[in-house]
Each structure stands twice: as structure tokens, then as C-alpha cells.
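You will see two complexes here that share subunit A, one where it goes with subunit B and one where it goes with subunit C.
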Partner chain A sequence: MTHDELRAYVADKFGDKLTLLDTGRAEPMYEVKLSDLHDVAESLRKDETLQFDYLCNLGGTDTGERLEVHYQLASIYKNNRIDFKVMLTDDKPSVPTVQDIWPAANWYEREMWELYGINVEGHNNLTRFLLPDDWDQGHPMRKDWDAPDFIRLPEFKG
Partner chain B sequence: MSALRTEEFTVNMGPHHPSTHGVCRLILTMDGEKVVKVEPVIGYLHRALEKICENRTYVQCIPILDRFEYVTAMSCNYVFALAVEKLAEIEVPERAEYIRVIMLELNRIASHLLFYGVTAMDIGALTPFLYGLRERELIIDLFEMTCGQRLTYNYIRIGGVARDLPPEFVPKCREAVKIITDKLVDYEGLLNENPIWKVRNQGIGYLSPEDAIAYGVSGPVLRASGVEYDIRKNDPYSIYDRFDFNIPTHQNGDCYDRYLQRLAEIKESLKIITQALDGLPEGEIQPKKKINAITYKPPAGEVYARVENSRGELGVYLISDGSTKPVRVKTRGGSYNQLQALPIMVNDCLIADLVAIFASLDVIMPEVDR
Partner chain C sequence: MGVIKKLPVYAERIPGGSIITTTLESILHHGQASSLWYLLFGTACCAIELMCTGAARYDFDRLGMIFRASPRQSDLIIAAGTITKKMAPRLRRLYDQMAEPRYVIAMGGCTIKGGPFYYDTYAVEKGIEHIVPVDVYVPGCPPRPESLLEGCLTLQKKIKQQKMSDWQN
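Let's look at the complex of A and B:
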């Protein structure tokens, strides 16, 4: 399936549940609403034509304005790739777990919970992961978190 | 007489255990001599590379990512450069692409040779370590000749490579290819039919293809479980579609097949290098519009680039807002998922077998902890 065929198929199948984002590149990137996230993920996995059975990557992002969670999927047998992400605007950001769909998500979600403070509903093991066990200094990957000896690199003009 | 009472107990393995290839701690639940459950504890090498990258210019990120997976640092250079090139639609000169392919494949062989040595050493055979590292040295010398570094290269840059090949590189590289091709016979002779090696590896650490895919396992471990999936063929990048090579697979999904898989991949990589050396064109090695290390700004956008390195899928998810620094660099390495899948491969094995399984996954901890 080419990227265009994939786009057409997804538009037909998911309608407004997956909104195509303009990222200026060949591989499609979609936005999904938080309330649809788990259903859409499950459909992408179970759909006979798509069969997204392989989770490439999952993680959080802090753009400075809001938190996002991105999902990169691939299909081993159908050889497709798709990306989608969910924007989190709530004060207490939270996403449903997808580890029941892709077991690989377990560690990625645990890491995201720890470094970004994004809660994962239904996750079986939200405990300290990359950081020390007694860590109590917040979520270091957020943009407003700086290390004590941090010096920001200036924006160079040229 | 009443029956003997038994209970499970916990053993802590690592973080400084020599067979954990870095600092990984495994919490084992034991029933007598059998490992019932294993829980990897990671994070001892967490250096916040992703956070550091957010405060660096794009060109400065490349040497940082060298430290992400230092055994195949060329792939780490490359995957970041590829992400920026996809984002900014930079055209890479022909010669640079050929040089990159030669470097990536040489690095893959070097990594598999290291695997050959240390895996055998973990299981108790010392000789392969000496052999594997002897031939790896040839490749490391080639890298040193080209970019001055032996481990962290900072060679593949955005839009090209740092400097051209020295004139003596091509003959030396051909010589190294010939030597490694010859020596592979020795490697196979040492271990393939070795009865101790077979008993220690065959049927140990079985991973089914379904589980491998579900846990995101990639690279040689996935292909040793019988799944024919290689990003070089399935999602081609660079100029890999020009070369004639096969994707070997093995069907049993045990430690022995993972070992055979890597040796088979060395042969394919040698084929690619020979073809790339034959076709190496003359010309530029950097893009027409030079990339300024301090002021370079790619357009705003986001991209996920992935390549096949010796441990599976190596990916970078890059978000740019059009300034000189990336908003987000999310790295993804094969070891992370391989280690995550370790608990399902244990299946009541012995601790000694656990060491064999761990070695067969070829996990490298800096890639897991980042």
C-alpha cells in the first residue's frame, strides 16, 4: 500500500476520528481525540487490511504549550507505517494504556509517566524506572524543568 | 514423615554482573535452581541524552547521539542525519550515500563480531573472543583512518559525511572484507557444531514470532524467530534498494538460531560492502548548500526516521519548530524492546541459561537507559 492509498483507506474507514495533520512529509501523521484513542488503536491493530501489529515507538512530548503523546506503528506483514498523536490540554494529563493491544507499550508508557508526568490509566506497573527510586524533583522532560546547573544555549542568528 | 516444605526465593543479579553487558539489574524469583520470573531493573546509565539534545543545535546533537548506542555509533549518526534530511528535504550527494552505506555495514559487522566474542565468553568459551576482536580491529582501524575515532565517530553529518575517504581506504577495505570472509569459516568451525555450544544454546530462550512482534522485538532476534522483516528491504532508506542482498531468517527462535542469524548477516553485509566499493562514484561529499553548525534551521515539522542497525530498529522521532534547536528528540533502540521481552523467554530455565539468553539478545545498556 502506498502512502496515498493508506491515506484514502484511513479516511474512508475512520472518518473524522483520525484527522490528518500537515507535517510536510510523505508518511501520514494523524491526530486522534483522547476519547477515541483506545478504540482507534484497537481498530488499527485488528483491521484486516492494515494489521498494525508492531509498535515502533511511543512517547510524550512537551511543546512548551501543551503535552502530546505520539504513537508510531508499523505492520510487519502488510508493510505499512502510520503515526498518530493525541494532544493533552487537561491540567492532569492522562491517557488510556495501549499495552493490552501492544505489550511493548508497557515500558514506553512507564517511561512517559515518569519523565512527563502523564498518567496512564490501566497500566499495571507505574513505578520508578529510569530515575532513582527516591526521586522527588518532578518530571525532568517537561520544558519548565531545568537542572540546577543548567545554562540555556542562546539562539544564534545567522 | 511430613513432606518437605519448599518456597520461592529472590536472587539479585547485577547491576555489576559481568554478563549483563553494562549495568543492568535482574531480580530473579527462583524455585530451587529454576528461574521462575525475571524482572529487569534499568536506569543505572540514564544520562538524559534526549533532554541534552533539546539544548543543542542540530549539528551538536550528532556527537551526543554517538553515546546513545556506541557499538554502532555510525547508525546513530546516520539516523539523526536521516531525520533532519527527511524534514528539510536535503539532497545527499551520490558519493556520500555510498560512503555511508559502506560505513554502516562495516559497523554492523564490527558489532556482530563483538557479539560473537562476548556471547561465547559469557557461555564459557574464551577463544572466540580473541578471534572476534582480532577481526573487529581491522574495521576499527578503517574507521580511525577515515574519521580519527575508534568508537564514537561523529562522521555521518546532516546532508553528507564529515570528510572524504583517504586514498588508501578502498584497498584496505577490500583486504579487510577478504580476511573476514576467510575467517568466517574459522568462526563457524569453532562453534557451529561444537557439542557444548549446541547443548548450551539449542532450545534455550524460545521466542515465538507472535510474541516477538507483540513486544516490538526487531533485528536479528526477530528474524531468528522466523519473521522476514528488515527495514533495509521493507522501508528502504539511503541507497539500499540498489544492492543485491538477501534477508536471512532462521526458524527456531532459540539462542542457537540467534547466533547463526548474526553470522549469516555478516555475510550479507560483506556482499553489500563489495558492491558499494565497486560502485563508489567520484564527486562531492557534502550538500551544495553547506550546513552551518551554529545557525542551521530546518523547517518546522516532525518526522520519524528509522534504520536497521545490528540490534534492530533504531529510530529517531524529531520535532522542529524552525529554530536552531530541536523541540523533541525521542530515540528508540532495539535493545529496549529486546530486554522488555526477556521475561517471556525465561520459561523455568537455569541461571546459567539466563546468561545465555541475555547474551543472545545482544542488549547494550546505554541504548536502553539513554
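Let's look at the complex of A and C:
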């Protein structure tokens, strides 16, 4: 299946649940609504034509205005890739877990939870992962994060 | 090489030449400085240079330095590589497990002041002097084996200058 065929198939099957984003890349990147996230993920995994059985990556982004969670999928059988992301504008950002669909999501979601402060509903083990166990300084990958010994790189003036 | 250098002098003065006299201080410090067993402790790319220094071309063993896998058998900890905030308590624990006298060499920019991770980091400890007392700093990113050997020779010099009267401290 070529990228164009993949786009056509996804547009046909999911309709307005997945909105194509213009990234300039060959692999399609979609935006999904938070309410549709779990259903769409499950359909991508279980659809006979797509069979996205491999979660390559899952992570957060802080753009300064909002938080995003992106999911990068691949299909071993069909040799396809697809990305989709969900935008979070809420004060208390939260996404449903996808570890019931891809068990690999467990560690990714723990990492995202502690570095970005994005809650993961239904996760079975939201505990400290990469940061020290007694960490109490918030979520360091947020743009507005600060700590007493945190030194920002000064701007270089050429 | 205090005792070895003086060996002919001492030996000549004694009839028969089979007994050597020296001070307890110099023989003790000679022994300490010439058998600095270091802990296998590498946390980043500096460890590669440390391994290279220990291998055949540079041969740490010339200085009597052999790696030990247990802190109980080590005299020296060469902190080779970035120490993160999560690693810092482990480094302190290893240091505490070593028997005295014990020494620390801070190898590379990361252990001196955070190195390339000085800015924009939430994870890296900016200098290990906050965690353990450091005897010798070896700058570089990473330091070449020659630098590390120089650092070890400096530490040997430092050990030989110690006085037994300082031991209470």
C-alpha cells in the first residue's frame, strides 16, 4: 500500500475522526480528538487492512500554547507507518491509556506523565520512571518549568 | 619511588646489606601510592578513555593500578562520566562503602562542573564535589589517557606528601 492509498483508505474509513495535518512528509500525520482517541487507536490496531501492531513511539510536546501527545505507529505485516496526535488545551491534561492496545505504551506513558504532567487514565503503574524517586520539582519538560539550580542557555549575539 | 631510589644508600650502610631501614611513614605511603586499586565505575564516554588507559597501550598497571569490581577492595574511585541526580546517591553510597584511606579523581568536564550539560538540564549534577570530596580534577571532554595518567601521578604525589600526624582528621 502506497502512502496515497493509505491516505485514501484512512479518509474513507475514519472520515472526520482523523484530520490530516500538513507536515511536508510522505508519511501521513493526523490529528485526533481526545474523545475519539481510544476508539481510533483500537481500530487502527484491529483493522484487517491496516494492522498497525507496533507502537514505535509515544511522547509529549509542549508548544508553549498547548500540550500535545503524539503516537507513531507501524505495521510489521503491511509495512506502513502512520502518526497521529492529540491536542490538549485543558488545565489538567489527561489522555486515556493505550496500553490495553499496545502493551509497549506502559513505559512511554509513565515517562510522559512524569516529564510533562499529562495524566494517563487507566494506567496501572504511574510511578517515577526516569527521575529520582524522591523528585518533587514538578515536570521538567514543560516550557515554564524552573528550579533553583536550573540555568538557561544565554542567547548568543553574533 | 621513595624507597626504591634510596634502596642502594640504605643497603650499603648496613653490614651484609640484607636489612633495610626506613621510616614507617615513607614505606606506608609508598605502598599506598603504588597500589591504587580503582573501582570499576564508568557512567559515560569518559569510561571509554578509562578503559583505554587500563588496556595494553597505556597500561595503568605500571602505576600499580588494577581495577576492582567491589568498593570494599578499592582505594580510589575514578568518577568517569556524567553523574545524574539519580546516580548521585549511588556514587555516595559506593564511596561510603570504600575502606579508608580512599581517594576520588573527578575525570572529565561533567564531573567537574556539569560539562556540556551545564545549561538547560534538569537531570545532571553540576559537579561531584557536592557529593564526595575530590582529590584530583582531570579536565577534558573526555580527557586523553595521558591526562588521566598525569592525574594519577599527581594523586600519587599527593599521597606521598601526607603526614601520619594528619590522620586524626
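Annotations for the structure displayed:
Convention: the second predicted complex is superposed on the first by the 145 of 158 C-alpha atoms of A that agree within 3 Å, B and C clash if a C-alpha of one lies under 4 Å from a C-alpha of the other, contacts with A are read in each partner's own complex, and residues count from 1 in each chain.
Here is the rule we go by: contacts are C-beta pairs under 8 Å (C-beta built on N, C-alpha and C of every residue); 3 or more make two chains touch, one makes a residue touch a chain.
Since we're looking at a predicted model, the values are computed, not measured.
In the superposed pair of complexes, A:131 makes contact with subunit B and with subunit C alike. By the touch criterion stated above, A:72 is placed in contact with subunit B alone, subunit C being left untouched.
Within the superposed three-chain model, A:55 lies in touch with subunit B and out of touch with subunit C [touch as defined at top]. After overlaying the two complexes on the shared chain, residue contacts for A:157 are found with subunit B alone; subunit C is out of touch.
Of the two partner chains, subunit B and subunit C are each touched by A:140.
Of the two partner chains placed by superposition, only subunit C is touched by A:149; subunit B is not.
Within the superposed three-chain arrangement, the count of touched residues of subunit A is higher for B, of the candidates subunit B and subunit C. With the contact threshold set out at the top, residues 130-132, 140, 150, 152-153 of subunit A are in contact with subunit B in one structure and with subunit C in the other. Put simply, subunit B touches subunit A in their complex at residues 42-43, 46, 48, 50-51, 55-57, 86-87, 213-216, 227, 229, 234-235, 292, 294-295, 299, 301-304, 306, 313, 315, 317, 319, 321, 323-325, 327-328, 330, 332, 336-337, 340, 369-370.
Taken together, the subunit A residues at the contact with subunit B in this complex read 23-25, 27, 29, 53-57, 59, 61-64, 70, 72, 74, 76, 79, 81, 83, 102-104, 106-107, 128-132, 140-141, 150, 152-153, 155-158. Listed in rising order, the residues of subunit A touching subunit C in the complex are 130-132, 137, 140, 145, 147, 149-154.
Subunit C makes touch with subunit A in their complex at residues 85-86, 89, 118-123, 126.
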